């Protein structure tokens, strides 16, 4: 992965977030290869290659847009399925509910998030049904128009293909759209080891994350339905997300997707997380399935680790979050693992 | 990377748009220098340097945010001044009215653009007063909350400092916010040759363009008032424009701004436009003041130029737009100039 | 029309607006007949009779909602046809553009009004085509999703059935929705003297005004398409327009519509306006076709009339607006007519 | 019109909702007294008397607007305190969350409801603090801008003056607006028996309900701060809630408020509810403090009561809601009470 990886990582951000990671050398190279005049916006040759790249990846016709953030990707995807007077069933701890500063309310013009429970940040058909059952049919209550899943979840847990299929069946029966927030889709895919089409399942739109996985500022919004993609194009421009030099975003996505780099990088991040989890032992809240490890630690333990130079996020009063990324060095993962074991 | 500049420019996009231009080598270098783990979002060292850089540039305290597009920059700036039930006085041909796909309606939650006339895409106090006079005071009509100027205008025309001062005085008297769309602020500054503070005048917020001037995907939103900047921060996140690896955007802006590259590149683009305009002679709609030349051409003349490999934009039935950028080669500008003269 | 009509009219509001008129005695009677407990919202027997009443009136299946204002009726109707990123072609002087305080921007979530010209406040296919031709196809410009006509127009002018048919054909060809603001639909119908279905033409939604025509606070939104009506029901509740005692609104509408009172009252108002216009002679801006007379008057002339006790609206610098209503007394109309003639 | 009160009430709606009740004869009389031409919108003499009437009622300067529904009143009030990127802390079972079809999302442009728990539908400072403590400061999470209380609550429970004062102190400390949904404010006032100013406490805006308490379609929005009232005026027009014949709404409100009718009617409704509750005995979920009784009833018991002609609302699987109104007859309340006791 290039010489840059040997440089000592900054102590800051080490396990804080995959958002803090660098851009992968092959992504850089692709961006620089795009550095020639081309059509503005998404009329360039690279942007026009996205449909083909994802159609190949998923083995079916896809229509794909880029967007610079996961928040924009999620909200633009949902805006194709949810009217302003409708709602989105999502997990109580989903990124769209917890971490997007109210962006769904903005992009969906006041539509509502309808919160469901579920272990590990994952929805189940029962949890969804329970939310739907609590909504009286009629104009006095906001009705669900869509369901949004997160693969892998905010707790780094992964949906098995049959679990997604069950939720998709429910969505289909109820006439609801189905969206997948795949900010860490690559990590889920690396964990599952099955075909990407199975990792996504039959969703209507997928936010396919690249930024956390070696990209700089590009996410792909993957639609099965070209009409929904067209609708998203109007909304993307209107949201100020149609970059004029979109070719550099397309280049990032293609560099990750076209020859399997996305899976390779995610597998590395997952492996580093597994090393950390090993040291955490029974303190780990879940057996990590992706690149995040949640560890129950008391304040003094957190302080002790930080004193050793490890950076991580205080998730809540009970636990911390440690995230590995594509550029986490094995020696650092092992050091953290050992420090955890020694607590 | 300097070598790339010698390469023959693609015939496509040559004079089509400054949006189609490449990223300047020093901008690339700055982005790569930022390629180490740092705090996510805008907590990194580079993003935190923006206030200082622009305060130095303008000689007064500034609070600065990045955004990836001019549309986002304009709309986030306006959202700090305009309530949903208000309006923005702007030129009938302003970018926010003509080219942003309804983004002001989205970001301002349905606020209205109140259209004024003016030669060369420029507003005058009289034109603004005329719009205001046509609005009956009271809840039945949308009242103006702000004025938006474009420096340089959509027709490549530049406001003189005293013209901006007059409009600012009007805005101040009426209690209206004042915004400047500076997608081509650098070109205006290069034309005027005066201090940046005079090019901007006493506006409340300035969209300072970088993308068209050697950047990749970064614009600066410059506020005089830290409270307005804080407000814009909430709105930026909510609009999905808070990139997680914001340091790469900050790097672009700083590379352009901190040592004068922005002015140098704009001066080059302006000079290239002047060469083109020379050939256009009396066919030029205006004497170009920035990097755009509008030329009255009949369809057959347009076809003749295109047959020679020149690319440009059909502005309307009467004229075409030819835009020079930081990487326009003098030989290409001279070739186009000669071709125009030979028509 | 009952003893109340003999009472001397207040000098205030006489010809100021049909909004200032009283509630017709038969409307009062119908409201009081509704004064028994019934289902809340629009589940009562009267609200459920609206579909039938309008289906009978128009000779085809209609689905009808009440709303308390013309602004709400117009905007709820348009919201069924226009997405947030779209636009509505309307006359530059339409009520939705001039007098609704930005309500279309609110109800349509930032969609844009696309302004067309036309004599007498009336659109023509050419004027609409001209607006559409000015919009570049593509995400950079707001595309039209619907057309909105006003029957009778803001200048009291009426569309002939074949004129509406021509605009409807255009809308149909372009895939645009067609809305009619019928705040003074009754006055247009009384003028045309043809079947209500011809007065409305093949529009997708009609705001059928009652408040200006003897009602208290009720307008009907008439849809041909039950699905659009269902959509409007969600939006009506969400806009706080689903009154809990809706039966009193339904009662008003039924009282006007079910036995022809609406036409009778409008015919009276039109006749009173004609009397006024007679006195205005060549000062009348248009031959009045409905209940409004616009008269070119200098400031001194306005003052002279006001000194005689007549109230009217300063429409603009050139002319005033004089509006007759269902309860305008013939002697008052004749007095104003004479005063105008004597100027 | 007094005679109508003696007529046997329709069995339908008897205890279903106070929304289903009739309009009080004195309200009718006031509306008819308003039936003369006057200024349109809210420029009439009655609308202009509202400030004075409520200033007298509350013993301090008030600025008051009418609106036709509680949903509109609540949302227009909140829109003066909450920016689109903010949130409103309210009870999980508040009307704005449960019964307004997403209206807060619409009027507040996507702002979020932040849900708190609390027995009897009432908030406590602790419950509010707990919600606030769960919100990370910063742009990633929606911050509270206001708190909304319901007096009396959805469960017919009443805040004591000192409880409101404690919440107001918290709001003040945190810089949050404070809104009171007083759809049944009259019933709370009748229960508390103290000065209206104590029933409301130091809230910034109060939705003062009239429709459920003898009105037809009028609620008052009472502001302490004239600037907030002015802001609400713009928003009201924009929401299509500025009725053109507003004098009939003002008449309703004045008839209820100016001579104490509002309290008299609410006291009657409360008394009728108390009679019903007596029969319910230990089945009553709460001791009723206003005009609503919630009774734990099994499906068979519900059916048995309905077979006897009583109408009421299935609140949830455990209990039903029985609502008395100003026109509930004592004999009917006693009959229901007896039927409950006999179960």
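Annotations
Per-chain residue numbering starts at 1, and chain names A, B, C and D are given in the order in which the chains are listed.
We adopt the following convention: a residue touches a chain if its C-beta (ideal position, glycine included) is under 8 Å from a C-beta of that chain, and two chains touch if they have at least 3 such contacts.
In this text the structure is predicted, and so the values were computed from the model without any measurement.
Chain centres computed from CA atoms place B at the largest separation from subunit D. By number of C-beta pairs in contact, B-C leads over the other of A-C and B-C.
A repeat of the C-D interface exists among A-B, A-D or B-D; more than half of the contact pairs are identical by residue number at A-B. Chain geometry summary: the mean Cα position of subunit A and that of subunit C are 51 Å apart. Computed centre separation for the pair subunit A/subunit B is 33 angstrom, with centres defined by C-alpha atoms. With centres defined as mean CA coordinates, subunit C is found 43 Å away from subunit B. Residue positions of subunit A touching 2 or more other chains, listed in rising order: 84-85, 100-102, 105-106, 109, 139-140, 234, 237-238, 242. Against subunit A, in their complex, subunit D makes its touches with residues 84-85, 87, 98-102, 104-106, 108-112, 139-142. Per the touch definition, subunit C reaches subunit A in the complex via residues 83-85, 109, 139-140, 233-238, 242. Only residues 1, 4, 7, 9-10, 12-14, 16-17, 19-23, 28, 32, 35-41, 67-73, 75-76, 100-103, 105-107, 211-212, 216-217, 234, 237-245, 248-249, 327 of subunit B touch subunit A when the two sit together in their complex.
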